[in-house]
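After this come two complexes, each holding chain A, first together with chain B and then together with chain C.
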Partner chain A sequence: MLFNSANFLFLFLPAVLLLLYVVGTLKKQALIPLLLFIASMVFYYQSNPLFVPILLVSISINYLLSRAIINSFLCRRNIWFYAALLFNITYLAVFKYLNIFGLHLFSLLGISWSPVAISAPLGISFYTFIQIAYMIDIYSGDDDEKNPLFYALFVSNFAYLTAGPLVRYCQIKETLKGKLLGILSSENLAKGLTLFAVGLFKKAVIAQSLSEIVNPVFSAAALQVKLIYWETWIAVILYSFQIYFDFSGYSDMALGIGLMIGISIPWNFDSPYRADNIVDFWRRWHITLSNWIKDYLFTPVNYTLTRFGLGLNINSSIVSNAAYYGATLSSMFICGLWHGASMTFVLWGVSHGVLISINRLWTEFKNRLKLHIKSRFSCVLAQIVTFLSVTMTWVLFRSDNMATAKSIFASLSGSNGLYVPGRLLAVLGPLRPLLQKSGFFDAGNTAKNNVLPTQFDTGYILILLFISAFIVWALPNTKDIFEINGSSQNARMPGKIFGIGEWTPSIKWSCISAVLIVTAVLYAGTISEFIYFKF
Partner chain B sequence: MPVQYRSLYILNFNMNKYKVYIIATVLLSVCMISIICACTLIVDPYGLYDVYKKNGFNLQKEGVRNKIRYVKAIEIALRRPATVLMGSSRVHDGINPDHPLLNQYPPVYNYGIDMIRIKEVKEYLKHAIQNAPIKRVVLGIDFFMFNAAEKLNPAFDPLLVGKKISPLDYVYTTLLTRTAVVDSFKTMAINRKSPDRLEFLPNGYRPAKYVFYRLKDYKKLHYYTNWIFLTKDPCSTPFYGIYKINDETFNDFEEIISICKNNKIDLMLFITPAHCTLDGEAISAAHLSENMDNWKRKLMKICSDHHTILWDFSGYNSITTEEVKSPMKYYWDSSHFSELASDYILKRMYHISDPNIPADFGVILKLSNVEQYLMETKSKRAQYILTHKGEINSIRDIVKMIDANLVFPDELSRGIFTTN
Partner chain C sequence: MISERLKKVILAKLKLDEFDIHDVTLANEIPGWDSLNHISIIIAVEKEYNIRFKMPEVLKLKNIGELQKLVDSKIST
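Entry: the complex of A and B
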């Protein structure tokens, strides 16, 4: 079930909230965790009934292993811990990667092998990573969960089960347990409702409108159609905005649902395109995954490599750098693989690893030369460079295969020619005759296949581009607007939208929320999956 | 922001500002949603509710135009027919469900879908069985349906087809979406403009006379359709210009027969009679003649293995070789046959004798006659080429222009329909 589907919007969510209200008024608060767990299972069952037992097996075995880790000591504790890690990695590998890797492996060995007829269960990457983190945390001495129902609810809560955020037990244990009912307040319900409305609007209205322009270009690239230079650039930049609004919208909705049902979910998204370097980008994009990778992959690998290097009596500065680059590339490789078992995702991850490494080199270079420029211009330039770098990597992320990505990159580089379509020339005003006379823009072998649907005129596309850019860079984000977990105290931008100000339970905001909800409901009828649902 | 009021539970009706906010937001949303639903329900752009009908206002259901797959998937659940007519636009525009011969298992619904592929036919059949008590399927088969270059039409929606349609789903998608609102406006506009044009009927039929509304130049339309079928433009729907053969399509066909057998559904199969300039000359120009012959052999083999009758109305017979002129008796363009031709098809399939039906129209393909039939078709074609130089040259022109990467000539697209 998708958050933007009719079943979720008109049946599931109202029913869950109503039941919570009934349970609350009957003062049967102890039933709330059970109610939420059953709701989560119903939610998950709607995607595919077969996925439910797979999830339950994973939860049960992990729960038993976690109890074994807690109740044993020394060597046995280590054995249980590594068994838990092995189990989770194997579980993920079998259900998500077996078909792809099996095919490659067996073809290398010359053995014929037919793929297993099972699709990767929805959200398996998320609930497996959540449980790996939990195992590492309790092994390191953090609090564990003794109650199997609370543990099951922690892993499978429908607010984040299918597409994150990757919550950690320490982040939500308070609200999962004793304080759950205290948070179930009208204040949180009001905030959650608004946050959900904002997220739904971002996803259903903006991201979906952008996808209508982006999809035909990528589909044409998959068919190896020679794409027009400008159309490709527009599509690639719009895709950058599409994934932003898609994921940002999803994160807002997850947080909003969490608030409405009384569970405090961590922020997962914080205006990543305002980042002025790639490391900052990863601090703002999919924050919970970034933290997971940093804490459970990068840091241990970096530590191990450093220790190994120092053991070889190599210069500590060289060791430190080599360990950093090694840890970065390997972590981002796994990050790419986590998103999908294909070369495009792996290259996407590695390209981010390379960008992070370049950022480190650049920072060291600046430090050596003592260059500490902090002008407004340099900041904007850094943001543009970061945005364009990330946008280029999204091509790999969006392409179904390498051939599609190559086709897009070929067009972006101008190798198909720099033909300016008439529809764009028409709005260029005084530049039009100049461009037409130059001839450079319309060489004989240029691609002229217009793949953008004709119903989108250039004005509409430019308006969409402008609105997206305006929201991304000029407006405060939801974290700034809403005071949740004290977020607005650290706001980077003042919470002002056209003078309306930060969110307050006012009639003005009621009207805004209602308009957002109704517009989003109108757009959400054409069901489209969240991009992050496939991971 | 200081929190002035805090209540422990969601609604204990101690009305603080948060509760006022929630109630105001929900009420406003519900009011707006109700108004939108009421408006779209009255206009009913997809013809699903029949709440209010007025000529010049909403009789012509314009919303269906670009959402045939979507509307038919919902309509099948609403109308719950016992007989469905399946196939491409040839069936959609050509066979009237109100034909008396089809009335054995009422209600009858025209489930024809434009540019459908055989895989889609299978999916839509399964969908129909899930949502309606189907007893008979009349399936018109086209050669292009088996083109493996595009196994599914991009408009095919796997989220919509293949599941039981819930009332919430169709009420939401047909009354409360952006497209429903836009289509309501379009419906009102088109009804004001052409009140006498009733293209989309509640029984799923789209009468060709309204599809080809005010058709003037049949010859030009023939030319245009042949061009569409022969184009090699990768962005267009692949017909004969880009044609790939794959056994999977035959498996889908065989599965359709099995599904009908397993569900005790009476399946009536026929190969549709496109004009011979298309399913003869254009096929030949695309170097697919041999493939088409093999296609017929394979279909016949599968059908005979499953003891199913397969009629073939295509090829070169008195109907398909009708002279291309304005107006035509049996055709609208080279792909779509008229209601009269469909009447002949049904009469032949139901073994009703009619002296007007040419004896050479329609053959049951069997192991015993298929080779002879294909040989005869070849000799009839040779005859046709000798006597129809104009049609042959027009196909050659199209091939030359497509090979030279030229676009469809503007002058030929003008004057096909009368403007008033």
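Entry: the complex of A and C
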């Protein structure tokens, strides 16, 4: 069941809220976790009945392993801990990677192999990572969960089960254990509903409109059609916006649902395209995943490599640098692989590892030369460079295979010529005769077939580009508007454009959420899956 | 209470002249202490006190006060 489907919006969510209300008025609060767990299973069952037992087996075994870790000491404790890690990695590998790796391995050995007819269970990457983090946390001495029902609900809550955020037990234990944000408190309901409406609008209206322009270009690239330079650039930049609106919209909906059912879920986005370097980008994009990677992969690998290097009596500065680059590249390699078992995702991850490494080299270079550039211009330039770098990596992320990515990069680099299509020339005004006369853009051109559907005129595409850019760079983000944990820092608010300030329970905000929801529902002609559902 | 010795190691590693460090100070509140420098600082602290942390201890550290406590517990054993 998708958050933007009619079944979820008009049946499932109202029913859950109604039941919560009934349980609340009957003063049977103790039933809430059970109710939410059953609701989560019903929600998950709708995607594929087979996925439910796979999830329940994972939860049960992890619960038993976690109890074994807590109740044993010294050597046994270590054994149970490593058994838990091994179990989760194997479980994920079997359901997500076996078909692909099996295919490669058997073809190398010259044995024919028919892939097992099972698609990767929805959300398996998320619930496995949530449980790995839990195991590491309790092994390090953090609080554990004794009650199996609470544990099961912590892993499988429908608000974040299918596509995150990657919650940690310590972040939601209070709200899970009945210390709710207030069962159906009118303010949280209204706030959650508005946040949900914003997310739904981002997904169903903006990301959907962008995908209609992006998809034909990537489909044509998959068929090895020679793409027109300008069309490819437009599609690639619009995809950057699409994936942001799609995934941050999904996260907003998850947080909104969390508020409505009384669970405080951590923020996952904070205007990532306003980052002025790649490290800053990862502090703002898919925040819960990047924190996971930092805490459970990067730091342990960095520490182990540094210790190992120092043990070999190598110069400490060399060790520290080598360990940093090694940890960065290996962590981002895993991050890519986590997204999918294909060369495109692996290269996407590694390319981010390379960008982070370049960032460190650049920072060290600046420090050595004592360069402290802090002008408005350099900041904007840094944002543009960061955005374009990330946009280039999204090409790998979006392409179904390496051949598609190569075709897109070929067109982006101008190797299909720099031909300006007539429809773009038409809006260039005074520049038009100049470009036509020069003939420069026609030289060496091999691609003249427009791929973009003709119903989208250039004006519409440019307006879409402008609106997306305006929202991404000029409007306050949802974290600024809805700061949930009561620590609103309005100093961060980048100007109250059009009166969009902090959310308050007011007529203005109820009108905004009504307009957003109605537009999104009317607009959602075709229900499309979220990009992050396949992970 | 953060000891002068621990404070000195941290500030020297980050090339800072002075910064007010308390028990509840978070690593990322100290200028320059990011994931890039985190491990170098931990290793510098180990070196200064001639102690060795375990991985779970490193992962669990939440603020400078906890680092001080961890150092104290290592020295006393």
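Before moving on, here are some points about what is shown:
Everything below uses one rule, namely that the second predicted complex is superposed on the first by the 518 of 535 C-alpha atoms of A that agree within 3 Å, B and C clash if a C-alpha of one lies under 4 Å from a C-alpha of the other, contacts with A are read in each partner's own complex, and residues count from 1 in each chain.
Criterion: contacts are C-beta pairs under 8 Å (C-beta built on N, C-alpha and C of every residue); 3 or more make two chains touch, one makes a residue touch a chain.
Quantities reported herein were computed from a predicted structural model and do not represent experimental measurements.
Overlay on chain A: chain B and chain C fit together in the combined arrangement. Contact with neither chain B nor chain C is seen for A:Ser413 once the two complexes are overlaid on the shared chain. Of the two partner chains placed around the shared chain by superposition, chain C is the only one that A:Asp142 touches, whereas chain B remains out of contact. Touching more residues of chain A than its counterpart among chain B and chain C is B. In the superposed model, A:Arg360 makes contact with chain C only, not with chain B.
In the superposition on chain A, A:Pro300 makes contact with chain C only, while chain B stays out of contact range. After overlaying the two complexes on the shared chain, residue contacts for A:Leu310 are found with chain C alone; chain B is out of touch. The superposed model places chain B and chain C at 170 degrees from each other around the C-alpha centre of chain A, with the value given to the nearest 10.
Shared-chain residue A:Trp509: touches chain B; no touch with chain C. With chain A used as the common frame, the shortest Cα distance separating chain B from chain C works out to 25 Å. Chain contact summary for the complex, chain A toward chain C: residues 136, 139-142, 279, 294-296, 298-300, 302-304, 306-307, 310, 316, 320, 323-324, 360, 363.
Those residues of chain A lying in contact with chain B across their complex are 6-7, 10-11, 17, 20-21, 24-25, 181-182, 184-187, 189-190, 193-194, 197, 219-220, 223-225, 449, 451, 483, 488, 502, 504-507, 509-511, 513-515, 517-518, 521-527.
Across the complex, chain B meets chain A through its residues 1, 3, 5-12, 16-22, 24-25, 28-29, 32-33, 36, 154, 159, 166, 168-169, 172-173, 176-181, 234-235. Taken in their complex, chain C has these residues touching chain A: 34-36, 38-40, 42-43, 55-60.
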